[in-house]
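Below is one structure, written out as structure tokens; comments come after it.
For reference, chains read A, B and C in written order, and residue numbers begin at 1 within each chain.
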Amino acid sequence: MSGAGAVRTTGLAAWWGAIRRDRKATAGAVLLGFFVLVGVFGPWLVGDPHALVGIPLQPPSAEHWLGTTGQGQDVLAQLVVGTRVSLAIGFIVGIAVVLVGALVGVTAGYFGGRVDGLLSLLFNVFLVIPGLPLAIVIAAYLPSGPATLALVLTVTGWAWNARVLRAQALSQRQRDYVAAAVVAGESDFRIITREILPTMTSLLVAQIIGSTTYAIGAQVGLEFLGLGDVSAVTWGTNLYWAQNDSALLTGAWWTFAPTGLCVALVGFGLTMLNSGFDEITNPRLQLERAWRGYLAARGHKATRSTPVVGDRG
Amino acid sequence: MAEPLLSVRDLCVDYVTDRGPVRAVDHVSFDLAPGEILGVAGESGCGKSTVAQALLRILPPPAVISGGEARFEGRDLLGLGEDELRELRWKRISMVFQSAMDALNPVIPVGEQICDTLHAHRELGRRAARDRAAELLELVGIPAGMIDAYAHQLSGGMRQRLGIAIALALEPSLVILDEPTTALDVIVEREILGHIRTLQRRLGFAVLFITHDLSRMLQVSDRVAVFYAARLVELAPADELRRAPRHPYTQGLLRAFPSVHGGTVELASIPGAPPSLSDPPAGCRFHPRCPLAVDLCRERDPEPRRMGSDHTAACHLAK
Amino acid sequence: MTFLLRRLGFYLLSAWVALTINFLLPRLMPGDPATALFARFRGRLGPEALQALRETFGLTEAPLWSQYLTSMGHVLRGDLGISVAYFPAPVADVIGTGLVWTVLLAGSAVLISFAVGTALGAVAAWWRRGWVDTWLPSALVFAGAFPYFWLAMVALYVFGFGLGWFPLGHAYSDDLTPAWSLAFVADVARHAALPVATMVLGTLGGWLLSMRNTMITVLGSDYVNLARAKGLPAGQVALRYAARNALLPSVTGLGMSLGYVLGGSLLTEIVFSYPGQGYLLVQAVRNQDYALMQGIFLVITLAVLGANLLVDLACLWLDPRIRETAT
């Protein structure tokens, strides 16, 4: 990004620029970056998460910052090591789900007619069939492990993206530049990949981020049920074992609290990054805040009818 | 003019943004006589709709009325409290909004939307209110059977007429028409305007007729006010304005909207675009687009000046 | 009417897809119910038993289409196979015992969350200041970022284990027998309080935001402005003109979110040892009880489809524009 004042208005560079300008999005990026670093480098800094290092169910201490599990393993080590797999699967599924969704959605939106009818029916059915039970049923037949999880999460998650991307493709299809390309004789494939998809870059990135949030949460849920590889160390399996070892009933909050907190922080960070924060704070309300401040400064109430301020002749 | 129905003096309306207030209506003054039709013309964003909504005090945040006076039937509109405003609204002043489709509640039957204001003001019984609603529908030429229909079941022309029916429910003395026919085709437009004129003659209410279509307005109005960039730049009887416009902007508008009658005139639009209200040009706001601009125009803002018995214009060069 | 018929047709199609998935999975995947059952009881059953079991599960030598028809017939008669985890109870019976608790939990959570969230959203949009609008939405969105079942774990720990205000699990006290008495109902309510509360907390933010954002847009619309100009009292403007219209997208969204919420409620049940489908699901997974798993999947899908139909009815009642269009 050169500092010469050049501001790109479309594509990835523009999106990155927007992130840096928006404080909340930057905060989200920092939060996410922190977890990525932990995931990548953390495992080398902590001990073996499988090792039995102490008496089971010890509360946090100087020796074990987050205490020990029901088996006597170090909670912090498990948390850090689990970060890598959980985030990795999350990102992979996030991307996969958007790819499949784009494939189906853009095809449906672009071609319209029967193709659209059929594909729309397909993703609508997948939207209405409850995801978790379906995921469980499919995963149960397959060997447990990250590949199964990724497959199952993709199968149950793609429909939402398909729906959104179809709507976008449909609206782009009506635009003049597409009509021009059709008249110029460009093939459908080229129109989709060269003309339409580039306009959807920031939407696709936003979708990937949103889907990653979904993937991490859903993954943790499935592993909590015992469908992941329970001998592996991930955030979800940590929670599975915490529940299994009756952490709650023995008061061992440290075995499950930090993990859940991490899941939430990553999810929150991703949401902030998506500037989905706009949804939360609503720009129209920001505008009204300026108005309220203006009225308050002049000793005026903010009335429902248009207020009258200032000297009147 | 005998005691005016509405008297506006130096009205100012600001929109509060996080960069400070932007003036959308700047020291606007005019009078309106009882039963008179005053046309208000100007490009989009010039402040004409804002003035109308300011009178009823229904401008949403971040609007603020920052100065001036508005007296209606002797009452100070800007000094009224919430309850007094609610009483006055619709009973004395009503409004027909621009896009009638959007101005109707999609989930309540249309008859209800006449009755609720009847209930809110006069506490008419249910039966009496329904009868009145049917009467009003008839008045504007909508079949009485549509009283329980929903907005989406009516055609565009019907919806606009319904808007008029609602506006006349309490027999107000002033009806504001905000671009009442912009969304309609020409034939329906003619019909609607005919309706309005007939009703106005019959019931005697005053009209504030806001539109960007100057030629249409000249046919219907008694007097015309021309707005530019939040200012009132010319005010005169319709005939006089058509014959002898004094402000260069009005002259430009007339050239852009030639009359169907008379000889062939070359269509000419005014070059450039209206200025940004947050950063208006120095001196006269119209000078960047004015073919007659001189140095004085770039330096000093012209005040509205009287010329003739009932003609006001804000231009250094007008006589 | 056309609208309802179209929706019904869609739900029937979706149900059929679910049934077909159930049919195809054991035939496409490495494991199968009969073998799992046999492996579990190895030693106690003769080899002919495996063949009999396979027939029970419809995995016969007959051609695929014939198997398909037979299995459809079974399902339509309510025969969902034999459970492994609760052998020899039929799957349908096992599911039946837990169904009412799941419906109670998920149903109350969804209704309460939607009602409260939507109401708060309307309040936040109408008053536009104060705590309802400033930090509540952000706080609730943060709460929603936690997995529901984790919130359940925290709630159980703090309120059940720590403070002892609520029971530590199950649907009702062990020493009570189910009856339509006030005491029993109160007991059930006490046991349901924490699970429902955590689910409500996790989903509240979404409804609040959705309603608030829609309502803010609606409040800026011409018809609300006209309502004000007509001199209508503020309450009427807020409810009949604004909220009534802002509600529509939220209700539509309710239908789409039901499947997701139900998934979360299953996991919450596990934390509280609540005797619903979630608990059965865990047992099914542990015991490789495919028949039970697939039975639960089917029943839950049908429940979600049914609930969606109810939501569609609500939409029809709320929005007169839908009554005409056949889209």
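Throughout what follows, a residue touches a chain if its C-beta (ideal position, glycine included) is under 8 Å from a C-beta of that chain, and two chains touch if they have at least 3 such contacts.
Here the structure is a predicted model, which is why all the values come from computation and not from measurement.
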- Query: Whose Cα centre is nearest the centre of all Cα atoms in view?
  - Reply: A
- Item | Two chains joined by the most C-beta pairs in contact, as defined above | A-C
- Chain at maximum distance from chain C, centres defined as averaged CA atoms: B
- Take the average of all CA coordinates in chain A, do the same for chain C, and state the distance between these two points in whole angstrom. 22
- Any idea how many Å lie between the Cα centroids of chain A and chain B? 50
- Item | chain B and chain C: spacing of chain centres that average the CA atoms, whole Å | 53
- Multi-chain contacts in chain B: which residues touch at least two other chains? 53, 58, 60, 85
- Message: By the touch rule stated above, which residues of chain C touch at least two different other chains?
- Response: 220, 228
- Residue ranges of chain A touching at least 2 other chains are 288, 292, 302, 304-305
- Message: Quick check on the complex: what are the chain B residues that touch chain A?
- Response: 9-10, 12-13, 16-18, 21, 53-54, 57-69, 78-79, 82, 85
- Item | chain B residues within the chain C interface of the complex | 53, 56, 58, 60, 85-91, 94-95, 97-99, 102-108, 116-117, 120-121, 150, 152-153, 166
- Mind pulling up the chain A residues that touch chain B in the complex? 286-288, 290-292, 294-295, 302-313
- Message: Quick check: in the complex, which residue numbers of chain C touch chain B?
- Response: 219-223, 225-233, 236, 240-241, 244-245, 248, 318-321, 324
- Query: Tell me, which parts of chain C touch chain A in their complex?
  - Reply: 10-11, 13-14, 17-18, 21-22, 25-26, 29-31, 128-129, 133, 137-138, 141-142, 145-147, 149-151, 153-154, 156-157, 160-162, 168, 209, 212-213, 216, 220, 228, 234, 256, 258-260, 262-264, 266-267, 270-271, 281-282, 284-286, 288, 290, 293-294, 296-297, 300-301, 304-305, 308
